[in-house]
């Protein structure tokens, strides 16, 4: 598999994502937000961080980066698109995923390891998970998933909710931590699987996420 | 100077400067002003007077603290770069080095908590990457007044979000720090930030303007009127009746700093020696960075101020030189590479402009609108007159000694619970949960243990880091307090299995012109030095923050120690938590009735008093070596040092977040479990390793008891027993700060 | 011509505003008991050049809708005036 | 009586506004070439009960100065009106 990790100005989990992918043998490369083509990549990762300082709104400015046209094309072509944290925020701002990530219910950045339920173990991003309860790191100030009721109902009905917090760390609607689009090839999630792939740093529950993508 | 540039028409003439004595407001003394006139053989103009005021301020020149700092021991086999540069550098093998430094932002944070703290982080990070190193970790050391005051909550919330927002946005994990609360810091909070970087030694750069004809490249953010005279502001005390210092507010832009950091490191990689010198523009911005770089190389410098990128209109030379706009760096670049280097920065949407050159004449010359607006000897500009500060033993130390504080506790369990909820002892998770501690995916031990551990990818190595000092101890005995600060920091490092290798410091004191304060400064540094030498941890960088007083009331002397350690084998990383039921609990060292200056004394009497007993530097070192050896031989499977709240708090912290409790027994009075004796560790050992461990430890360790499968904490003394359920204790410990903040 | 546009962005009524909530609580603690509700939004001042007010207004509206707000959760109001160029 | 106070907070002129800068650049990239400057401030809507407009105004001003703005870096404007209670 060949993967692109998009680097926006202010991305700061780009190298972490690159390392994680390489650990699983993926041929992964950093691609600038100024690039205009993603031809040849099978999977595209929008990493965490503070693109454009997260000024105005998280992801609001990044969605106008030149690369986003290619991301939209790749999404339409059915390639795998993964947005983690800031990447998730960018995908919603760009309209590739429904809803929006808003300021945590209790204002302030939170960094924690939180229990998560893998709601949908069939998705292209989770099919290798053997158990439903896992722990993943979160690190965000604006991770409260919000969408109107109709959208939420649709997400639930289509099994588009992939991850849920077991305790609602940020006040997300229906404790949603990660969703996919209707076609199932675009995923956005606030927790950081790329920070959970090595035992020495305390968590390996992200490993099955990468195994699923590779599967 | 006949033609006066438009922007400068409203400035006082040199004669008016003299008549109005405006320099006194900038903390330049009358004597110093006269010396300058004499040296120049003319009156300095407004701009030049400003340059001297900034360069001769304590903040830039360390003129008052230098006699003390010069005594610091800063050389051993590891030291690649000692004090005097952006940060100190220690060799860690494999052509790599660790780079670190601490910095204070107390004064700005008192006025403007959020931006003051944020820009403190920004500044210390620039010090690290200006050396060519990749920043890998941040630590923060904070001191506040009592938490029940609303002003404390306001300061704490602002300062913590400032640190969090800046560091998180940069993507550098904040992995450790320390926080204490005491009324002494009510008006003068302490905000010290430490940053640690990893360097490929080939990339080492320093701030030197070498090479006549080389160009001066300005990179980063544009210059505005922010924080003019921040350096002199930091060099005077607060008078709570006036608010005139308030113009000194700088706003940080972590987004821009992230671009600046990545691009500077990239530029150094690509261009290597073509980039001759790098320095960040910190206090007194453009003047201090350029004058220091020229001074260190023994050269002159010539700048054209019209070239300086500007955010606002009509900036005067005075404002351009003294602005403390953030996120700016100065580079000295070989003339034939300037364009390419600049291009790298403009590609990242950063300003990058050639503003002048290195000259052979040893002069500091500034042009503006075609007029020369300053012409001063560089060496003279960077060398303030020597100061001889008077010292006097503080009255409290010579007065009839207070009687020894002897606690008489009727219900040790109740006292223990109260102690766990004391803000200084209670968990700081409510604070550090806001810091991203796991970005970069190298954090092996996160906040909440002793030292933090950050691994070095592609090696077996791990760096340990911590900050520590207990100002109360330093107040009661500056010299012993200084020794204890280093010892405590080292114990935190050692408890993780790492060997301490070096120190940075941040010396937070009151007004140095007060001989009693100067005595505190000199004596505590002497203590730091003694312990540092004993532990082979050279002091390779640091920072001084004086004038931490309001209306004549100084803070406790608070020399914060930032320490770094090296663990060669990642498999030996050791945490504080109990590992298995039935593991044996040993106390390394001997508990004494050390209650003066303790958290218990504060709790019971509401204040701190009495004498401190001395500590034996050799024993301290032996105990540390025992723990290191025990970990290396894999006999010790958890270790925690004893600090505020004594052995009782240490044991509780080892049990928290585990399914275990403990049962221990000692032949001293139960109140001694709260004694804050030096040189103590608590460690656990598997029963099958008992004989091996005892052989290693000999008389240095005493078997206290064992880890239990139930969650009761039971600490028996010769008179009473402390008995509390772990969950109850943990709740008190974990929720105290949150509860107080939300009240 | 130079124009000064002011854009006021606020959350739609159904959207929870945690900052507003925190501020309300603080105001109560400071003894402003009469405070019923607080919402915090954003306020932009944009200076722009255009040939006339109609063009300037059209541009301002477009900026607001394309960038300044997220229509899922936010609404806006605006005001615009010609200003002197200094 | 119920009043609706609106408070507009913006940076003082020489204070650096990094957000405004980034938004301006972004607007230029979106081809709003006429944009000269952007500053981002805060916009508060506060509903409060008071006996009359004078009292309500006095309260609003006090809230702004005590809590809503940071006098080191920010200034504010306000407007206030009586509103119907629903």
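Chains: A, B, C and D, in written order; residue numbering restarts at 1 for each.
Please note the rule applied: contacts are C-beta pairs under 8 Å (C-beta built on N, C-alpha and C of every residue); 3 or more make two chains touch, one makes a residue touch a chain.
Chain labels with UniProt names: A = Phosphoribosylformylglycinamidine synthase subunit PurQ; B = Phosphoribosylformylglycinamidine synthase subunit PurL.
Because the structure is a prediction, the values reported are computed rather than measured.
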More contacting C-beta pairs: A-D or A-B? A-B
Roughly how far is chain B from chain D, going centre to centre by Cα mean, in whole Å? 37
Centre-of-Cα separation between chain D and chain C, whole angstrom: 8
Multi-chain contacts in chain C, i.e. residues touching at least two other chains, fall at 67-68
Which chain B residues touch at least two other chains? 253, 255-256, 349
Could you say which residues in chain A touch two or more other chains, in rising order? 52-53, 55-56, 61, 64
Report the topology of the inter-chain touch graph, choosing from line, ring, star, complete and other. other
Residue ranges of chain C touching chain A (in the complex, touch as defined): 14-16, 18-19, 22, 67-68, 70, 72-73
Over in the complex, which chain C residues touch chain D? Could you list them? 2, 6, 8-10, 20, 23, 26-27, 30, 32, 34-50, 56, 59, 62-63, 66-68
Using the touch rule from the top, collect the residues of chain B that touch chain D in their complex. 111-112, 115, 221, 224-226, 246, 249-253, 255-256, 311-312, 325-326, 349
Contact residues on chain A for chain D in the complex? 52-53, 55-56, 61, 64
Per the contact definition, I'd like the list of chain D residues that touch chain A in the complex. 18-19, 22-23, 26, 29-30, 40
